[in-house]
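Structure first, commentary second.
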Amino acid sequence: MSEVLYLAGENLISPIVLSFALGLIAALARSDLSIPEAAAKALSIYLLFAIGFKGGVSVADHGIDLSLGQSLVAGIVLSAITPLIAFLLLQLLSKMDRLNAAAVAGHYGSISIVTFVAATSVLENRGLSSEGYMVAVAAAMEAPAILSALWLASRDGSGKKMDKELWREIFLNGSIVLLIGSFLIGWITGPKGLAEIDSFIVAPFKGVLCLFLLDMGLLAGRGMKSGRGAVGIGAIAFGILMPIIGSLLGLLCAFLLGLSVGGSMLLMVLSASASYIAVPAAMRVALPEANPSIYLTLSLGVTFPFNLVLGIPLYLTLAQAFIGG
Amino acid sequence: MQTHAAKRVEITIERVMQSRLTDALSAAGVTGYTILPVYGGSGRSGPWSRSGQVSKAGGMVQVVCIIRPDRLDALLESAFAVVERHIGVVCITDCDVLRAERF
Amino acid sequence: MQTHAAKRVEITIERVMQSRLTDALSAAGVTGYTILPVYGGSGRSGPWSRSGQVSKAGGMVQVVCIIRPDRLDALLESAFAVVERHIGVVCITDCDVLRAERF
Amino acid sequence: MQTHAAKRVEITIERVMQSRLTDALSAAGVTGYTILPVYGGSGRSGPWSRSGQVSKAGGMVQVVCIIRPDRLDALLESAFAVVERHIGVVCITDCDVLRAERF
Amino acid sequence: MSEVLYLAGENLISPIVLSFALGLIAALARSDLSIPEAAAKALSIYLLFAIGFKGGVSVADHGIDLSLGQSLVAGIVLSAITPLIAFLLLQLLSKMDRLNAAAVAGHYGSISIVTFVAATSVLENRGLSSEGYMVAVAAAMEAPAILSALWLASRDGSGKKMDKELWREIFLNGSIVLLIGSFLIGWITGPKGLAEIDSFIVAPFKGVLCLFLLDMGLLAGRGMKSGRGAVGIGAIAFGILMPIIGSLLGLLCAFLLGLSVGGSMLLMVLSASASYIAVPAAMRVALPEANPSIYLTLSLGVTFPFNLVLGIPLYLTLAQAFIGG
Amino acid sequence: MSEVLYLAGENLISPIVLSFALGLIAALARSDLSIPEAAAKALSIYLLFAIGFKGGVSVADHGIDLSLGQSLVAGIVLSAITPLIAFLLLQLLSKMDRLNAAAVAGHYGSISIVTFVAATSVLENRGLSSEGYMVAVAAAMEAPAILSALWLASRDGSGKKMDKELWREIFLNGSIVLLIGSFLIGWITGPKGLAEIDSFIVAPFKGVLCLFLLDMGLLAGRGMKSGRGAVGIGAIAFGILMPIIGSLLGLLCAFLLGLSVGGSMLLMVLSASASYIAVPAAMRVALPEANPSIYLTLSLGVTFPFNLVLGIPLYLTLAQAFIGG
């Protein structure tokens, strides 16, 4: 426990977490600080490209682990099943109607890439390595949860029939394509490719992440203010409990897969995190009657900060305790 | 100068629905439109702004179509089918245009 | 399709006054509006453009409100109170809307 | 509130022609206009979008002028001289404005 | 004197000043070269974050100097008093009406952060250190001048009553919040935090500054063209005299505070520089009848280039002569 | 030949080419991946600034070669004459009307700076140096081709009389001004200036180029889809033959000028490449009746990928064979 607290304390005073806090405070104090939409998108493109590329290079470096395929399958299953658990938990903890509960559930099955990125940088700081292909697992976990959510919603007759267009949008959304694409580029070009561009994608990475988290803090703070009325205390409890449950599922899979401590922690983070980019967009198309204030407040305003500040050190401690290291 | 009566239809719609709307318009034979970015707004679902956003969810665009009056109904019907379940505003104004042969 | 008469009010106003205007609109019960970015323009104070600008000063936005005709006066009065001492243009057009229950 | 009849002219024109158009407007004595960015669109030359573009070619802007009705013809003539050989749409709407002394 | 000229000459051929000159010339020649608004904002966010963070780290590094509090107070007083002097000088030198004179005066009490940043990079080139908390002093000097300007204007009955909203906008404007926030983050995380992100905020800093100054040159050039008619010869003389007077006030304070040579030069630069971001925005809200062409042309078109090219070497020479070094 | 293939293979698996391929595939698969316009422009400003600056520094470093002036003249002549050849070849290979043929021809006389940049990075990878002033030659080659194209068009009575405004727009367009300006800044400040900003303009250069090529891939892919109908098989053949012819003209000039292998290859690349930024904009103004789908599809969808993937290694092999090395 004291290990968790120590880690959490150290985590708390990292530039990354403090940048998020700065954004949060600025937004809650109604400062007009803001990052232009185009700049925020450019930062996210940079982060996706860099994290994908580095993952690919690491696979090229260490050779393909037997468990790559297994991990992908595990990720897909985790992503598809988590929404069912989330849906039940929501019904238990809150009075949310089934449509909104389905939409929220979809977010928790999918992943938040920036939480993943923050976790990799914590691993790096502590000198822990991880399986490079976890980036591919992250990409694989983005979409299946959406299908589960739509299935949950359709049992009520709500939700739209999946048209081909929507399938394409979900599986070829920009962040998946960029993540997988840069992963493959990193894999193909390997350490030699990395050497060519590492002063772009490695050295400045953490600084860029700080600015991105500043923006996330601003968004989370503004979302909290406007979403205040939309979520009750039960839903907030869900927003903290669910990532812990998710992380335990992730831990179990990691154990079964035989992942390293670092890889286990990353799989826990993926299972614990909730989407706030790809899934909301899919939900607006497929479940327009679901209320975005609810799922965005929970995902961005509750679970994301929880994971960033307390979750990541907690999951790392658990991984170290159960996987060894 | 010589002008011709036409209709200006302004459809404010969620960004995620943009391609579905323009596909529907094309299917209904409306191939002329202009898309304006929207910075923010407010409605029954409260105020919003694009600043700092990465997700396509939670933003809107404005699609402006100028068409001959006799084609208005076809346009409205195809637009309505897309907008129906979604948030969005459809606003029609009388206007005059130069070079009517274009519409 | 069934449409309903409404008014489209387009207020071009300095960016620094945007939140004051929307606060005033909300206070007057106008909660539906869409904000468009403005790239540049010209008026009695000469031409301007946003390119390369960092300061919020010197830019404008366009706030578009679609409302029921009977609420026009309340809107104009609250908008005018904000715009009065500031540069800005208020332009009202007759329009028709689908789904009148929204306005 | 007291309003005054005016005309709202919306000219959708290629970005490369923007300065030529505004120069022509100024020459015709029209010094008030607002320029809106355009994100994309479609016309006889097919659909287009600005995303990822670096070149000024292939984008459009919307120039909105609000003027006194009696000055409409001067405006249209000067605008038409610029737009004539180029793609672009000119759309005129009746409107009412506050503070007529500005136009 | 020859020292000033030597320094000015060396300054003149730095990439930073030449980038500004390039922007200026391109604008005056009516080239369509331009930097998108979102990119310009992103550059300014980067510069504020980096300069604040580095200031905070330097405070963490060297411990808190006794004079931090005193310097903040001195900065606030300088910012509040300078507008009164500027107002009188303007009345003397030009026929500007009192409202516009008040608005201009407010700009000269406040500060230009990019002038400050350019000055720090000149210090760095010459291997001179300075008090890290000067960044906090810069932030403290942004707002008080606005209140003085409004007070000057209100004596005429013009100007709007300060509403709570305006107070909030002035004191929580984005650049103050970001500067103070990143200063605190740098302070809290210290050299360890800096080590994590220095290849983002230290190494590329000067290059980013070049691009930002290119943009400033474009803005200044376009402002000069459109503001030509708005300012007379007397006002232009003010735009060159006032920064020198301001710098001397800064020098006096620095001497009384016992600042280092570097710190003294920075305080001079802060007093000498005129705002072109925060104050114009506040003036548009509070004194809408004041003509922006006047204050922007003076601040961005006259005083900024003067400080960048001649002022900075001049202030450095003065600081070295009077403070020692 | 096997040397070309080897080089082409190596080139093919560079992060730069693969990033382009990723964008192309994403666009063809109709992914919604996109880079905001402001970010794309910021990337291009960075690349122009960096490449210009480095060219200037290299001139400052190695002293002015006698052939600078000659190279500039050769570049201008190449740019002016190539459209005439292109025009004839187009008439030969396709049924394109004279107006569109003139417009297309103008693109091939002018240059694509990103192809040039990609070529410099191939040279760098192979440790080959080149004349720094090739950047100035690139700038000099942007505009003359436009005048040739307008002359070709005017022989038909189409095309607009060149007004003063258009001259200014062509010769002072943003990319020319930025390239020449940063070249001069680099020249003036020299290695000392470079030392100040090299961690901004040298180290991350190739990484930024990857993101820019990702964007180019997206644009090329989307252009291919929408321009499909506009160009026939003859025109496509032109889009591949013309760069080869251009490169041979470049090789001839390079031989006559006595350029180094690296410089020869760059001049070949300049002659071989087709504009897709400056010339299209000029054509929209001066030849609005010409169809942009035709010239953009050829320049961005055919010639650019050809040069990037096959052309660059081919030209390098030819330069090495004929110039020595």
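What to note about this one:
Labels for the chains are A, B, C, D, E and F, by order of writing; each one numbers its residues from 1.
Keep in mind that, in the parts below, a contact is a pair of C-beta atoms (placed from the backbone, for glycine too) under 8 Å apart; a residue touches a chain by one contact, two chains touch by 3 or more.
Note that the structure is a prediction, hence the values are computed from the model and not measured.
Within the contact network of the assembly, the step distance from subunit A to subunit C comes to 2. Shared contact partners of subunit A and subunit F, listed by label: E.
Between C-D and E-F, more contacting C-beta pairs join the chains of E-F.
As for how the two copies subunit A and subunit E face one another, under half of their interface residue numbers coincide. Spacing of subunit C relative to subunit E, judged by their CA centroids, is 34 angstrom. Averaging C-alpha coordinates per chain places the centre of subunit A 45 Å away from that of subunit D.
Remark: subunit D and subunit E have CA centroids separated by 38 Å (rounded to whole angstrom).
Residue numbers of subunit C whose C-beta contacts span two or more other chains: 36-37, 47, 49, 56, 93-94.
Multi-chain contact residues of subunit A, defined as those touching 2 or more other chains: 32, 34-39, 41-42, 199, 203-204.
Under the stated contact rule, the graph of chain-to-chain touches falls outside the line, ring, star and complete shapes. Pairwise chain contacts in this structure: A-B, A-E, A-F, B-C, B-D, C-D, C-E, D-F, E-F. Subunit C makes touch with subunit B in their complex at residues 1, 3, 6, 8, 22, 26, 31-37, 61, 66, 93-99, 102. Residues 13-15, 18-19, 22, 25-26, 29-39, 42, 125, 199, 203-208, 210-211, 214 of subunit A touch subunit E in their complex.
Note for the complex: subunit F touches subunit E at residues 36-39, 41-42, 45-46, 49, 53, 168-169, 172-174, 177-178, 181-182, 184-185, 188-189, 193, 196-197, 199-201, 203-204. Those residues of subunit D that touch subunit F in the complex are listed here as 14, 16-17, 19-20, 45-58, 85-87. Considering their complex, residues 34-37, 40-41, 44, 160, 165, 215, 218-219, 222, 226, 276-278, 280-281, 283-285, 288-289, 291-293, 296 of subunit F touch subunit D.
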